[in-house]
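Chain naming follows the written order as A, B, C and D, and within any one chain the residues start at number 1.
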Amino acid sequence: MSRKLRVGMVGGGGPANFFGGPHRRGILIDNSAELTAGALRSRPEEAIASAKELFFARGYGDWQSMIAEEAKRDDGIDYVTIVTPNDAHFGPALAAAEAGMGVLCEKPLVMNLDEAKRLYQAVKAKGVPFVVAYTYTAFPMVMMARAMVADGKVGEVRKVEAWYPQGWLAGSRETTADAAGQKQASWRVDPSKSGASGCGGDIGTHAYEFVRFVAGLTATRLRARLKTFVPGRALDDDFTVLAELDNGGIATITASQVTIGAQNDNGFRIVGTEGTLEWSITDHNTLKYYRGGEPVSLYRLGGMYTYFPSSITPYIRVPEGHPEGFHEALANLHRCLEWQIRSKTLGESVPDAMPLPGIEDGVAGMAFIEAAVQSGRQDGEWVEVPKVG
Amino acid sequence: MSRKLRVGMVGGGGPANFFGGPHRRGILIDNSAELTAGALRSRPEEAIASAKELFFARGYGDWQSMIAEEAKRDDGIDYVTIVTPNDAHFGPALAAAEAGMGVLCEKPLVMNLDEAKRLYQAVKAKGVPFVVAYTYTAFPMVMMARAMVADGKVGEVRKVEAWYPQGWLAGSRETTADAAGQKQASWRVDPSKSGASGCGGDIGTHAYEFVRFVAGLTATRLRARLKTFVPGRALDDDFTVLAELDNGGIATITASQVTIGAQNDNGFRIVGTEGTLEWSITDHNTLKYYRGGEPVSLYRLGGMYTYFPSSITPYIRVPEGHPEGFHEALANLHRCLEWQIRSKTLGESVPDAMPLPGIEDGVAGMAFIEAAVQSGRQDGEWVEVPKVG
Amino acid sequence: MSRKLRVGMVGGGGPANFFGGPHRRGILIDNSAELTAGALRSRPEEAIASAKELFFARGYGDWQSMIAEEAKRDDGIDYVTIVTPNDAHFGPALAAAEAGMGVLCEKPLVMNLDEAKRLYQAVKAKGVPFVVAYTYTAFPMVMMARAMVADGKVGEVRKVEAWYPQGWLAGSRETTADAAGQKQASWRVDPSKSGASGCGGDIGTHAYEFVRFVAGLTATRLRARLKTFVPGRALDDDFTVLAELDNGGIATITASQVTIGAQNDNGFRIVGTEGTLEWSITDHNTLKYYRGGEPVSLYRLGGMYTYFPSSITPYIRVPEGHPEGFHEALANLHRCLEWQIRSKTLGESVPDAMPLPGIEDGVAGMAFIEAAVQSGRQDGEWVEVPKVG
Amino acid sequence: MSRKLRVGMVGGGGPANFFGGPHRRGILIDNSAELTAGALRSRPEEAIASAKELFFARGYGDWQSMIAEEAKRDDGIDYVTIVTPNDAHFGPALAAAEAGMGVLCEKPLVMNLDEAKRLYQAVKAKGVPFVVAYTYTAFPMVMMARAMVADGKVGEVRKVEAWYPQGWLAGSRETTADAAGQKQASWRVDPSKSGASGCGGDIGTHAYEFVRFVAGLTATRLRARLKTFVPGRALDDDFTVLAELDNGGIATITASQVTIGAQNDNGFRIVGTEGTLEWSITDHNTLKYYRGGEPVSLYRLGGMYTYFPSSITPYIRVPEGHPEGFHEALANLHRCLEWQIRSKTLGESVPDAMPLPGIEDGVAGMAFIEAAVQSGRQDGEWVEVPKVG
């Protein structure tokens, strides 16, 4: 790579923000892109302060100026990522596309189909790269499912079941949670910020994308029930759809925000004439493949397994056999050391976080191994473990 | 934070390297530290080229010069992270500590107990922050287990079972795998690079750290069996220890590199007089807590749950209810867009990777929601889904 | 108990019969009832032969004569169990009820609602005990769920999801399977034997009973989609219902016979204002209970656990902590010995079944323990295991 | 079958008895054997009363007279099943064998190796069929594992891990539980009734039998640690063995009675040069098979699957795809009806057990299906569900 890519971000800077942090992690994790420009909050002065605090190279008061200014620079941003509430997707996405920039936009795309069509035309006219954050399609085993469907492994698709239950809005969180909780809840149940559907727009669209991305099919007509369980809420918090698909099959697409105990448990089952594929985010490193009369096959993430097509391997970054949370664990080790240094050297205030293993643990490991090797050589005789430190 | 922390890295730059990438991801993911200095490979010219290619601010030909030069600078590195094979931990760790730098060192700490003691004295003398990469202690639910043991939730610990089976060395991978596979395998089975124990040093130490970190106990004496199953291998590839602990309890600590089918499946069970805690990396977002006569309690990662002590919450970065692989999924969305831009704008060669959802998917989602809302308002009547694009 | 109960059976005697065997096991397993009278097949001579072969005390050529004759006897049957296809439930059930006998009838109850009403009136008029074989309600953890709902543990029920996917009819088994397979398939897809719905009547009713039995609710109106995927089949093989419930909540009730890989995987989720209960037959010894902000609670079958109400404990027969398949395992030991005896002593032809542990294994176990005890007393020194036999 | 087999039982009749009931269920469940003779308790008058109460055809005051008398009869018992504590196995087993009867004996076989040898010689001399109740070998998926090992599916066995943790003796149950609990606990911790090892003899032998039965291997020498955690207990309540096997491989065999939360969770992992097999009773319908580079294969119980060899199918009695607890669920339906009849007709006292589905539920199911069929025919229009009863 000749250089890191330069990324601009719209939204994602406030203290109660939900997805700005995860997107920044996604941008930075591979050491291939940098946080160049940010218009991170709605009030200009806060936006500029937030960009500085979050180490963006350049801060802007609003996305309009960011896109305009960056478009003029030789070292301007390559793409814009949009992590605002739904009502603030259309403007920056359209402006960026028209400025010839790439766009990575949170879902649902915009507020309504009319905006969607206008954005679609601009994107197509300019030919800019565009990605929608249907994040669950980006798990490697979901890609694997898509590849297997495309490869005929389930035969003709008869039925797609896609689900996405959550429980966090089972109570009136928009009025009773703490400030951060309220903020996340309140715009999602506000039609002026979220659009015509609450639960359906926020997470039902994720479930529907499994139909499109994995099964490669599209709904032609549907019956829907949108229900609001929590009194006083303006939008649906439970969403059930039965759809007919363009290949003659059918789909059930269900989503809920009131299913207590469901965290974020999306998944799907693709039933075909020859087999079934099943995936759930609760075991996201595994894809289940069923055929009649055969043992169930579990495809798992991990480099020893040679069954991944080359279109998926670039998306796999964990070392052989490791789960994906591994990177966060490594990050925790680095943060633990970093906090010690920040506190001691830079005099900063840091969290009073649990100490992770230090030099004593390293030494103890060596003492353990030394004793084990000695015992092993003596056919398992008892050996004292040396005490150090 | 006043500034990002400046990190130096030793090792981790070669094409077959295993842990350099994950450590860089861990350093960068939180937007709080940067890759400042690197001595990433053993040959000086390759080391310097690698640092440039991986966007380190400053490249060095060897760790000696890196530590010496950085120690002189006002903007020198805050800490060194060491990701070399075991025989190359001691030198840079000692030098960094003596230069007053922090150290994050891969495990096992060094080659033998003697080196460990010397390093320990230097670290203690200088008072530098030091973290050992017992990475599995850094999963939030492992920390939770430690906090619960410390809080008396299992009573007095009677027994610790810690395990770490792998299967990747079930065959003679050090001679038969591809180049990258051979490289990972070959130093691990070479006593001059790995130390006196292969399987025990590489992963048995991880299992033993569960005894120390989670149960807070230390082995006082032990019986060990180190077995080499694959003909011609110089070090153990299977490792079984029975240990007595300093509180009178006992532990079994087992590790294996020949357990076909085990990917990297470490975990532990802590059995006490009042209850049992159990964790496995194969379901790393969950901690199981058993007591007599009560339902089993499953503690799960996710912000809705108020049971995490404040010493752990700084280590949790996933949004409410999301699994930790979520960040990698977001990264894949960004990479997908990035590769399109790199290919199109920068003319770079990029992987022929599976396309993730684009503008068409975003539009289709809006069409779906619009139809669903309309059907919902009509008490579930059939509604056609508009076709767009 | 003063005596064993005397049971009459209608149907269940043919070589391809599916449920006769399981019902006989259910009758006999507790040593409290006996197989007294049978009208087990449709042709009289086969019926009488079958009753003899299956060790019924008295065989009859048809259910009419069985009920008439038994009703006259002092030692006549106490109840009739009906395991015929759906079209042959109504007759014997009505006759038995009118004769004052108890009835245990397979589901769905009869062929249509009209028959159901007539039977209902007869049963009520006579006041006879009557049980419908909604077998899945009889798993102890399903009863536990019912008790917890009744006890307010989920608050007010908002939503019930009940499911029952199978895959065995994904192909045209009614024409292509072996004779036994065809027999099971063919009447289920024949409206004259099965009723107006195939998949819905056969297994959708099981799923609906979870709504009634566990949640204690009844559907007031519904939307249904019955789909036939396999060409040439006369009845639905896939069944989806959205229902409104009498407490204002809603339910989704889904069943399928074409979901390849699903064996018989029924289950439910009951979502209330205060919590959620979830059960699946694939882990039938466990009931999951979710509440906001708390660890998940897993209730498990096993006598150590004191949380079962006294209305459920009479239904639990496994010893402390054992799974329910345990009885079948014990039965296999007895059968293994029995087959040896039948072959050797009675000269009967028996299956060439895998030998289970014999005297050599018993002796080897003693040798193992003796060596282990000796080694244990010697602080773990190596001890040879004696060879015997 | 010409007749049912005639079974005699020794022990298993007292009110606190643990395994008498399960063995009777195992004998009766297949309608192929009957309870002919019993010497069920130690005091003669109680033994005779117990046999009557449990519907044995003939009751005896002690096993000596039972074996002597039955041996003389033309319709005498075919075999004896022995379910007494360990110290009372040898006598009846030897006597039965010498009388030419078959024997099914609980494990561990006898009190010590000397008794075992004597019994072995008698059994061999007489050539009587003999089965030891290593019950966990009799799960069909354990048999499947044995068949797969024998068929070379794991290659040469390198390592067997066999485990059996329980938690029920974590406290001093032998002195503090209720009467039934005390009885089960107290003989197991009494060397005069249990033998030289408590935990090892009671459940360690089960784990060792996985080595023999599944892997087909035998320990040649071993190191053992037997530990007593609960103060005042005379026998081990925790048991750890490392063994060398006759093929050069090794085994770890662990058992515990103090692992709180473990119910009865035995299982094994067989690691070979070509693959690994893994089974746990906690998911006893599934066998996991791992090979390098391939998806994991899950073998599951259920008749659709054609992979079972003919030596195993005679041991499988559940209908296609059903779990083994299914028989108990059916039995619960029968008991529910039976209790109604016993109470009403026979005037007996019966448990106040939860009512299972009755005629109302049967009718409601028909109403539901009728509405669903009508809605299905009307393309999913709302249909009212008729109210009945």
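The working rule: a contact is a pair of C-beta atoms (placed from the backbone, for glycine too) under 8 Å apart; a residue touches a chain by one contact, two chains touch by 3 or more.
Model, not experiment: these values are computed from the prediction.
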item: Pair exhibiting more inter-chain C-beta contacts, C-D or A-C; value: C-D
item: Type of chain A:chain D copy interface by residue overlap (half), same or different; value: same
item: Centre-of-Cα separation between chain D and chain A, whole angstrom; value: 47
item: CA centroid of chain C to CA centroid of chain D, Å; value: 20
item: Distance between chain centroids, defined by C-alpha means - chain A, chain C (Å); value: 43
item: For chain A, residues that touch 2 or more chains besides their own; value: 167, 223, 225, 242, 292, 296, 300, 304, 380, 382
item: Pairwise touch network: line, ring, star, complete, or other; value: complete
item: Of all residues in chain C, those that touch chain A in their complex; value: 158-159, 167, 170-171, 223, 225, 227, 229, 238, 240, 242, 250, 252, 254, 256, 258-262, 269, 271-276, 278, 288, 290-292, 296, 379-380, 382
item: Chain A contact footprint on chain D (complex, rising order); value: 223, 242, 289, 292-300, 304-307, 380
